[in-house]
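Take a look at the structure below.
Going by the order they are written in, the chains are A, B, C and D; count residues from 1 in each one.
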């Protein structure tokens, strides 16, 4: 009996997917779909939160008041994205506390890109331009993702991200049109961020076990390699416009495929960072855990006070 | 005019330094929502700072820009009161510093909106709306932490004891302030203080906190005699402008 | 010659940054005698730094001075290994960072005294005497803290676990180092490592500490890819030179 | 019987004092003499230790490697002075731990000058030149003080202090001969440090209750006002040489007394700082207490390890 019902629910689900109808929180969904989504959305939320750190690192050292305000506002937006995304994931039945505990224990991942350090002001430009650029490329298709709350969160996220990307490009442009020291700073940052950004699209398709199922469920819309190619094709002309040299000696226009050929990512480095051995993995998690632990008394106080209020209200109503 | 410039710089320094301190929290708050809230207040203060320095640059008319004024002065030239340069400490210390300041800021801007000096009045009008949000935020947190758990009460009471000695300077008037007040351009701080005391007293009472008695009030910041904390803040704040003088960013 | 310059700068950056970190302790040590000891080591390192930058300036012959080299470069231009820029943490963290470094420093200088490059050899000979004192100091403290109380053992074991991942970079050779080593100007670090391991192993055994196994070794500092800690250190270090370019002090 | 012995001991003591013979730790001495000395020597030791903080504040920001080494070395000397002086005080039967506890509880005092902040690099020059100058003036007579260990400690302390003072003067000279910004920095620091330095000689003679007894016991050799006058007479020409303006409109050469007339110290400020209300009193003590508390586990470990060693040695000797 139960099997039959399940099957018909599953059929209904598959039908919606096929017809590009959004799955909503109260709809039936396969356990694996739910799990995949929780993993992906929480990972995305964690990335926003951890991603506040490398850029936050330059707020106090921003070179002008205007840049300081823009950067602070950008990092604040990331906190906001974290909030929507945690909320979207919560609609799937996992609490924010649980997700944060998984981040802190190392069970949940976040985007590896944030395990690289920001070493100069130009890194803020490079992150905005390259990293946000890659994030948008990854995320825009998610606006059409099959799970409703996630798709809707992505509309707002993507809109703000493209604003951030323009700001990043503008920082790079100012540096590239500035003094030689500034241009040098920009090139140096570009050299450090280019390859890690290409890694943001994930392992090669041939080594990405989850891609197929995610594509079928329309959680994912393009393969890793497809997105990586599109990104390179988009960024190379921008780098040329800025007068920056792409740090890849194998980069070459391929007329036949109407795109660039480019060198292979250092996959050993990629897997090292994924496994927790990147330059900042330990620092990032330690920083988050420290903020969380040092904030415990504040959260407890807020809760205790809220309870006192409720009790006082109740007592008033009784009296 | 020199006095108006002096005063405008003092206000600008104050919001700059407090905004900077708040911005240090970004990414390290106890709750994501409060990370957002503190960034918001910092942004408001930096916005106010920019308007004030721009106005100061205009009053000065020496070709200096907002960034020259914000980034290229010595510690002893900054005129912010000592309160705002105090380190963040724990969240309670930050909330307490903010709360003591917010009341002053709120009542000052409220009056300053009516200044016959249209430059100051305009900036005050814009910032007053924001300050109304700030005072609400910090007052609520004082109450939450004071009337929360035993630990939170102990901590926030301690913050109050540590920071109270910097509250007096907010209302102690410099020579410049006395003269501008006599000229009717800015309020007499002696009229602001009772309003501030009433608000602060009410909130502390609700938070079950005790105001320290007979505290010797520190001052000096408004005349450039700072604590040693300011210097370190400035090494970060000014770093790039100092390292690469005269460039566009 | 360019490689010799590169290498000399790397050594200079290393002692500069570690000396700076130790100097941060001044006035804050756990025991007055150790405040003195850490200041002493810092002074030795700063002395070594000066000789190295002076020699580098000579090799470079572009008119730059020791202070230009120490104060007027970007974070990514510093070539110190990541270990020495790590924050002080508690006294145990500082002792552990020092201990890991001291063994490397001691065995390196011991060999470097015999370099056919008389500039390096001379500096190494002078610093070697000091390094012999440093390694004694840090080894004794590792033993004291490891074989002290339960708390001290827990803490220093934790310091070891946190810092061990930065030990590998000391012995991993850059392109420059490989070439200088092949030219016989500097030792092959592969011959230093076993000596260091023997010393470190002996001290850890006496201190009853366990060396973490299968640790992924971080590197990057020697090629300019630092941790975010270095930038903040430099804002302080460079502040005055940046604020007032080209002056005498 | 006892009274008679005591009396003869007291007579012996007074005789030594009168004949400038040093009192040594094992000699009999009046309780009040002992107390006065412990108070004075420990206060002096505390001043060295707390005095490390304002100058230590600029070690990481010293403007050249040479200045950094000189400053670090100077602050280290102060730690060394602290050590000798604690040792000298310990010969009178009070432990270093007890003295430190008294410092931290606020029972023991230290020189008020260190409750002023160092706000610019010129402060390092001003402290060396003015504060060390005043300290030397206070301390040189102590080389002839009646208590042996204290007098001997002061020989070394004074020697190093005059070295420090020359270094301070040299910093000021470099600034005063430097760019306008440097000269301005020097004058500004001078303005802030001049009056607090004059306060270092203590209250006016008419308000210094302990002076008379201390002079009689030859613990002290000159009155506060005498020393203050000598200091002003010495420093004014040096300030003129540097091209600095003394921030005292009442300063005037008085031919008759062959010295300067000068304005009155702000005694209200003086007493405020003494009472704990100076700009940095709280910060200084908090910093010392924090260092001490955070170092507790280190001191305990060192002790525990030393005990283990002793036990192991004993076990070996038994075996």
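What we mean here is this: contacts are C-beta pairs under 8 Å (C-beta built on N, C-alpha and C of every residue); 3 or more make two chains touch, one makes a residue touch a chain.
Computed from a predicted structure; not experimentally measured.
K.L.:
What's the chain with its C-alpha centre farthest out from subunit B?
P.N.:
C
K.L.:
Pick out whichever of the two, C-D or B-D, is joined by more C-beta pairs in contact.
P.N.:
More contacting C-beta pairs are found at C-D.
K.L.:
Per the centroid of Cα atoms for each chain, what is the distance between subunit B and subunit C, given in Å?
P.N.:
That gives a centre separation of 42 Å.
K.L.:
So, what's the distance in Å between the C-alpha centres of subunit D and subunit A?
P.N.:
Distance between chain centres: 58 Å.
K.L.:
Roughly how far is subunit C from subunit D, centre to centre by C-alpha average, rounded to an integer in Å?
P.N.:
35
K.L.:
Provide the list of subunit D residues touching at least two other chains, using ranges where the numbers run on.
P.N.:
Answer for subunit D, listing residues that touch two or more other chains: 61.
K.L.:
What parts of subunit B, by residue number, touch at least two of the other chains?
P.N.:
235-236, 239
K.L.:
Between which chains is there touch?
P.N.:
Per the contact definition above, the touching pairs are A-B, A-C, B-C, B-D, C-D.
K.L.:
For subunit A, which residues are in contact with subunit B within the complex?
P.N.:
Going through subunit A, the ones touching subunit B are 49, 52-53, 56, 59-69, 72-73, 75-76, 79-80, 82-83, 86, 121, 171, 174-175, 178-179, 181-182, 287, 290-292, 294-302, 304-305, 308.
K.L.:
Can you name the residues of subunit B that touch subunit A in the complex?
P.N.:
On the subunit B side, the touching residues are 16, 20, 23-24, 26-36, 39-40, 42-43, 46-47, 49-50, 53, 66-67, 70-71, 90-92, 143-145, 147-149, 151-152, 155, 236-237, 239-241, 244, 247-249.
K.L.:
Where on subunit A is subunit C touching in the complex?
P.N.:
54, 57, 61, 117-120, 185, 188, 192, 272, 275-277, 279-280, 282-283
K.L.:
Can you list the residues on subunit B that touch subunit D in the complex?
P.N.:
Listed in rising order, the residues are 74-76, 162, 165, 216, 218, 220, 225-228, 230-231, 235.
K.L.:
Under the definition above, what is the set of subunit B residues touching subunit C in their complex?
P.N.:
232, 235-236, 238-239, 242-243, 245
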